[in-house]
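Before anything else, here is the set of structures, which you'll find just below.
In the two complexes that follow, subunit A is the common piece, with subunit B as its partner first and subunit C second.
And now, the complex of A and B:
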């Protein structure tokens, strides 16, 4: 009953880990793990609301 | 943008709405095509098998499925020689680390060669068509021309420094190229590849509940309740009705995520009262496996009405289909008929991938319509792109709260803002891959990726190509999916929704 981990999952944007439990040639359980965090919302606290869109759009370029 | 406009009660001009729709549209088209060819196709296409293809038969195959101009024997022979040079060099470059030769690959060599040729063509195509995004947004990614209250890019037929007749003609040409590629390359490839993998309409279904905030606005208010692709929620594959969204039903818990809630990790919190305090309890790297019976992710468990929910192209297409969107119904029915499968086939890995193609086609069809709409307004003398009535902070109420909904290519994106004394007091983003990649919740329900993987067949556990097919079908974008923490001040992020 092997358990396998794929880390990092490639051909995506960002960092993702997937663990799966395999039995009888099929996945019987799975876990998805985000392995990084973001801090972008903190940057805009205390700022002029008219400029937050410009900063927050940097969250993702794809 | 919409969150702040919502908080301040700002209505944008028509031209700004249309330009925003156009920027979003071209982004969707480019993003979906890149996803299909460059992030997902090699889960189905064996690059090395393309070397065994007969270029004459490949040319016939191409000519049989569309009118695309690159369909000659010599063209495919040249592509094959290019691949051979790469493979023989021993340095696979962009084709490295594939599970080449895996028995789960089922395309004949000629289909593989055709698809690899289009992989390379799509690289050039995407670079060209995104110039429209650069024209309207000043650059790509991260457009610069947005402005609270509208846009900052002027429209003026008499100015060289504005959107004028020349820019309209430029955009129309890009729209033509976009639709040409989607109609004659992407959709035919999608159907051709899918026809060899029909068993994948029974694999990878997932949680079966879907949410879309709605996008491509028909009106100018900050709520996305009146959109070309409708807002709504579908519960547990019940395609008899679309429910209206009540944003108060959006919650997050952290039983399995590396955070701590002040009154119990299992208590799901609405973003209004959200907290984000880091609490990493996982193993120290290097480690073999996560402690999946405890906390195991930086993504919180986002839920709607207590249910795990899928967002993205499949969610948008299913919701639009059930809501009676004419073009979505027509194209979806054609695709299902061509593959000889029923509507249930949409709830699968292949359904997710097909929905992305359907969406790309119908948006590419609308692109020239929306460009014309802008052109006609400019021609009629409407040059307004910004509503400055509430630009000055002195005109704002002392305390304002708002939320902004948007559909990104990968799914529902919500921003919540609290403005106090004319500054941002709190901000929170609940993003597409946060929904899809979410871990288990307090009730033990799996997130969409996790649920979709159950019963996936695996030929070789050490070469889990089949797992990647399903994960990639969601188009993960993890940078956005993770929550906020301030390790120095250990601050709580309180999210409030109006």
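And now, the complex of A and C:
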């Protein structure tokens, strides 16, 4: 049975991939994955705590 | 693909009046620091030329530059930006998903080869084969090579696509770089900022449409009209700097009175951007005016090169580009900045009278 992949999923912020398994016209399983990573958690590690908000607020600009 | 209208036809069709159109041309001429004699030339170009095809790519981004372009409070420059180009692909705002989205991009790259504008937002990860950003199963690097490599011109919007930005801050976990480093040899212009200012993007495109060439660029490939002047020199708090009136604590009297933010970490003396003149949100304000120090967001590696955001700039590395737009050497730079610091201290001392206050200033100078 077909597996359908939608990548990119648009009209969102970020990069998303969705895969669905279809059987007999029904979705029986689905997987979603964010396909972008910057490691901002690692970037703020050890930084002056006062400026961390500036970096973290840039995780999402929406 | 359908036949495109000329730019002005598109604008008038959306209810933009002739007067609005001429005002827009005048505003673009002013932003570009051109003579008002150029206004008719801009108007003529926008009236006669077909809209260029454009695609907007997003890689390691936060969509902040997209928001900066779209989230204006009234229909205006953002709408105009979308009306002077024919935007065929933009993940955040396009209707099609998956295959249909990729097909739209592919159509432009194949059918308009060498004729379209690629606008790029977000950095490109180089580590581990580029796995940290994939779209439609392809890496950002692969897409950038194809799309930017076949474009007439690449416009990097926001600091991430110019040189890596936030993603490339130490320790740069994904090996993020900007488009010029990932795809060397392409024709490009950098419009950095975190985010970029849509007025500068629009003005750059208008310049290109009118004169068939990019505006004058600095050594970082930033247009001089947008990045030729120091924030410090156009700052409305500058008089307070000269008078030795500084904010010393958040919410203190100086902060309430709009005094200089230099001691709170303002990087304005080293930052080149036209924020103080064009501002943000329809010319409403910009960070320094709102009471926050400048973080030099449009400067290369600003998250690491300038030290902690809220620490006063006391040690000045001799890197040339930060202190000058173009050709001033590192020696002159350090001298100038040392003079600024000395000037600041002298002014601060002069502004106070009692011994206790002088002692306090000296102490704070020593600490910082």
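Some points to look at:
Rule of thumb we're sticking to: the second predicted complex is superposed on the first by the 62 of 62 C-alpha atoms of A that agree within 3 Å, B and C clash if a C-alpha of one lies under 4 Å from a C-alpha of the other, contacts with A are read in each partner's own complex, and residues count from 1 in each chain.
Rule of thumb we're sticking to: a contact is a pair of C-beta atoms (placed from the backbone, for glycine too) under 8 Å apart; a residue touches a chain by one contact, two chains touch by 3 or more.
The structure presented is a predicted model; accordingly, all values stated were derived computationally and were not measured.
When the two structures are aligned on the shared chain, A:19 is found in touch with subunit B, with no touch to subunit C. Shared-chain residue A:59: touches subunit B and subunit C both.
In the superposition on chain A, contact of A:10 is made with both subunit B and subunit C. Among subunit B and subunit C, the chain that touches a larger number of residues in subunit A is B.
Look at A:28: by the touch rule set out above, it reaches subunit B but stays clear of subunit C. Legend: residue contacts after superposition of the two complexes on their common chain; A:40 is shown touching both subunit B and subunit C.
Comparing the two complexes, residues 5-6, 9-15, 17, 35-40, 42, 47-48, 50, 54, 58-62 of subunit A contact subunit B in one case and subunit C in the other. Considering their complex, residues 58-68, 91-98, 101-102, 123, 125, 132-137, 166-167, 169-174, 176, 194-195, 295, 303, 308-311 of subunit C touch subunit A.
Residues of subunit A touching subunit B in their complex: 2-6, 9-20, 22, 25-42, 44-50, 52-54, 56-62.
On the side of subunit B, the complex with subunit A involves touching residues 1, 4, 7-8, 31, 38-40, 42, 97, 141-144, 146-148, 278, 288-290, 292, 296-299, 391, 393, 408, 415, 417, 419, 422-429, 431, 433, 437-440, 446-447, 449-451, 453-459, 461-462, 464, 467-468, 471-472, 475-486, 491, 493.
Within the complex, the subunit A residues that touch subunit C are 5-15, 17, 35-40, 42-43, 47-48, 50-51, 54-55, 58-62.
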